[in-house]
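Let me give you the structure first, and then I'll get to my questions.
All chains are identified by letter, namely A, B, C and D, in their written order; residue positions are counted from 1 within each chain.
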């Protein structure tokens, strides 16, 4: 079996974060989080750990909602979604995320799509995983240009949820909600604490024992390729083709 | 028993007045692209798009053709095909009155209309630049809490017109919306609703409870037009997939005003001069 | 793909703890009468019934059997068969903590839970003796109005358990609710939901959009029991009509405590002594 | 053709009140209002006056809602229902209605079902017709024991709707919302202003020209019996049997 690709590494490490969840939701255009959720579900069932509802908005098959597109937000607002993924054009050191654009709002130099559901989801889902493959001073910035949703809130704000981790193509950070700061936890193969520092626009803490992000076991890698990839093919065909050479 | 009021796609475009606050469905709910092209042809002006909660090619094309004054949305995007070129260009040039929102707020402001209440509460929002840029929203202290507990109230936003595309209507004018129930809210919140459909089917969906479950009742609908492939090049659930090649072609062409104009010309979408 | 967690009617009755705030569907939505009888048999005590928005025989029988401490409803009635005899008797004797409400308020207080908001606004209510007797409701001044404009806010009411009866569930546990969409709200607002069904059907309702439209997704349901004729003597839409003769017999019998006891005995509904 | 029965007279006079409506809704257990609405709809269509949506909650066939039982209230709250019917255990001279019981709440001597949707519908439906066949000092009282919904509201209360008329087995009253008083308009055959006064527990105004409530024309009566009665049979079988001798 060939070694894990970068995408398979990310699928694997995200799946570890979801292992005990009851309901994981994945937004649009997120093949890696989608694959991670399906992997976590299969592994949880495999070890007799019980059911996991995986809701992938992008996929009719994995979208269980019948109350319209508000049902995801309603479910999340009442605490029924354990984990959700958010990205960002920019993410800053306080875990503020910006999905709107670059420049001084509203006079943006570069406009991006918009905030989607982040301005509710980030507050109410207990475990929000920030996922952004591009790890550079351009994406991980000192201060976002626009706060689509803040990483931390004043104590009087109802906020059962928030950032749990930041996962990029180079490293994994945890987030300390009290201090509103990221902490580097693991670096992917080929990276060091210093290389991460160089590519990160914000200041962060460093765990005492930063190790290399673990690669998936052979069993897990086989499951990703044999069991998960064909599922991904049905609703992210271009991704499945690029990563696994599968064709619909 | 009522018959269906059949009208044409062009008549629907005429019935959406300049300046209207127009209800715009998401790409997964049934986007009326045939009517969108007809709006460009009729030279619509000053439309304000209320997106539930986002728009893709519909909004981008209307913006490119100069039909749009304002947009209220959680996102304007071509999704996996990239950024929305006309929207980005117009926004960056300051040519669009944008009200950035978030999905559940867009649902809630229509639910307030639907329920006949002046506002709806919503969690989240506080401390975001979305809320900071929405002077039309209000924050109150939750009167049921003994502790300080700020809650955002969102005002009802009644739409002038909603237009959607659906797989079919039945012979008495009920429209299949299936589990795209956000369409019910988008329609309840509008003063008038027009629907295009792939086809008219025989019978009445209310004859059995299982078919009634997916129906929007006819009395909400002011007019229905047959428009086969009416969502093209976007997809329609269970009917046809998005036409990826065409969407890529659009995104590439629309990167410049000239390319956008050439795309419209190529499609035979010739805007009439504004009256 | 998940299988259905099949349990028994008796196990559902055991899973509704004494003192629970129990979600109770209207007579047109699928009333779990089999579970209601099992609750009487198990000697449930202290139940508080939250009716969406009314109850008929289910509430009356539970009240008659001493299972109920309180009722929140827009009506307790046997409909065309007359007043609800056990309810009227208990109320007139001061034996029921009644929270008189009105249909849309009962919907709204569950919608507040459904949407994760602490309250919902509702028009009407002001100046009624309903509102006067609801110190748990609040009146605020509409912050979007320049003029004095009082609006009632209703707090979220989370239910402990909801139990409903439905025509069928599919082989993976999705439940048909059709256009009785108030059941979705009744279920979304509960910590746990149990469902009885006439039968389990093969297949998965989500395989087509037309069948998905009438489905409540399986992940909301903690357990399903098969209970053919589980709504009897009430009716179930498209399945069977109410058993008018039996309902008349019940109303006549329940006019006295002795008659009610005899009715239960005749039905083989023997309450176990409270633990 | 035999003369109009009392029920047919009521159906006829209620239908006159609905003639121009676009959406008439009828609550549970209301065969006479239901028949009146279906008659008004048929007549409106017959004279080319356009469509009328008649929503009869009690009938699956005439219930067009697919958003659950809240849809009636939502529709009404946003002004889409033109007419609705309410009754009352007691109705008083200010058009306050009581659906809850007799006595001092909560210590009622006699408990009735409850207020149903009246505490919203009465405020928001422009034309609420109070319909109570029993016309006696027991039902039409000076002051109700419990206000399920008030007949009039303070000026600051949002109240686009309210009472339009009170129709009983003996007479028809209009309602003056400014003065919050009923005005006797017509009396049914056999009644006089004095007999009405005797049977009414509240004080009311009297129109200058109180006439006898008009009986339905032959054409209308034939339509009631030939066209409306068979429809009523499908969802109010006992009523249809009693009034028209029809059997399902």
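One rule holds in what follows: contacts are C-beta pairs under 8 Å (C-beta built on N, C-alpha and C of every residue); 3 or more make two chains touch, one makes a residue touch a chain.
Bear in mind the structure is a predicted one, so any value in this text is a computation, not a measurement.
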C-D against B-D, pair bridged by the larger set of C-beta contacts: C-D
Far-end chain from subunit B, centres as C-alpha averages: D
Where subunit C and subunit D are represented by their mean Cα positions, the distance between them in whole Å: 29
Distance from subunit D to subunit A - Cα centre to Cα centre, in angstrom: 58
Euclidean distance of C-alpha centroids - subunit B vs subunit C, Å: 36
Mean-CA-position distance for subunit D and subunit B (Å): 40
Of all residues in subunit A, the ones touching two or more other chains: 60, 65-67, 74, 77, 124
Multi-chain contact sites of subunit B, meaning residues that touch two or more partners: 115-117, 122-123, 149, 151, 179, 181, 184, 209, 212-215, 237
Which pairs of chains touch, using the document's own definition: A-B, A-C, B-C, B-D, C-D
Complex interface listing, subunit D residues touching subunit B: 23, 51, 53, 60-61, 64-67, 74-79, 124
Subunit D-facing residues of subunit C, complex: 26, 28-29, 52-54, 73-77, 79-80, 83-84, 87-88, 91-92, 94, 98, 100-105, 107, 111, 122-133, 147-151, 179-185, 237
Subunit C residues touching subunit B - in the complex, by the definition given at the top: 108, 115-123, 138, 140, 142-145, 149, 151, 153, 155, 176-179, 208-215, 237-238
Residues on subunit B engaged by subunit D in the complex (per definition of touch): 2, 113-117, 181, 184, 188, 206, 209, 212-219
Subunit C-touching residues of subunit D, taken from the complex the two chains share: 28-29, 60, 65-70, 73-74, 77, 99-101, 105-124, 146-150, 153-154, 156-158, 238
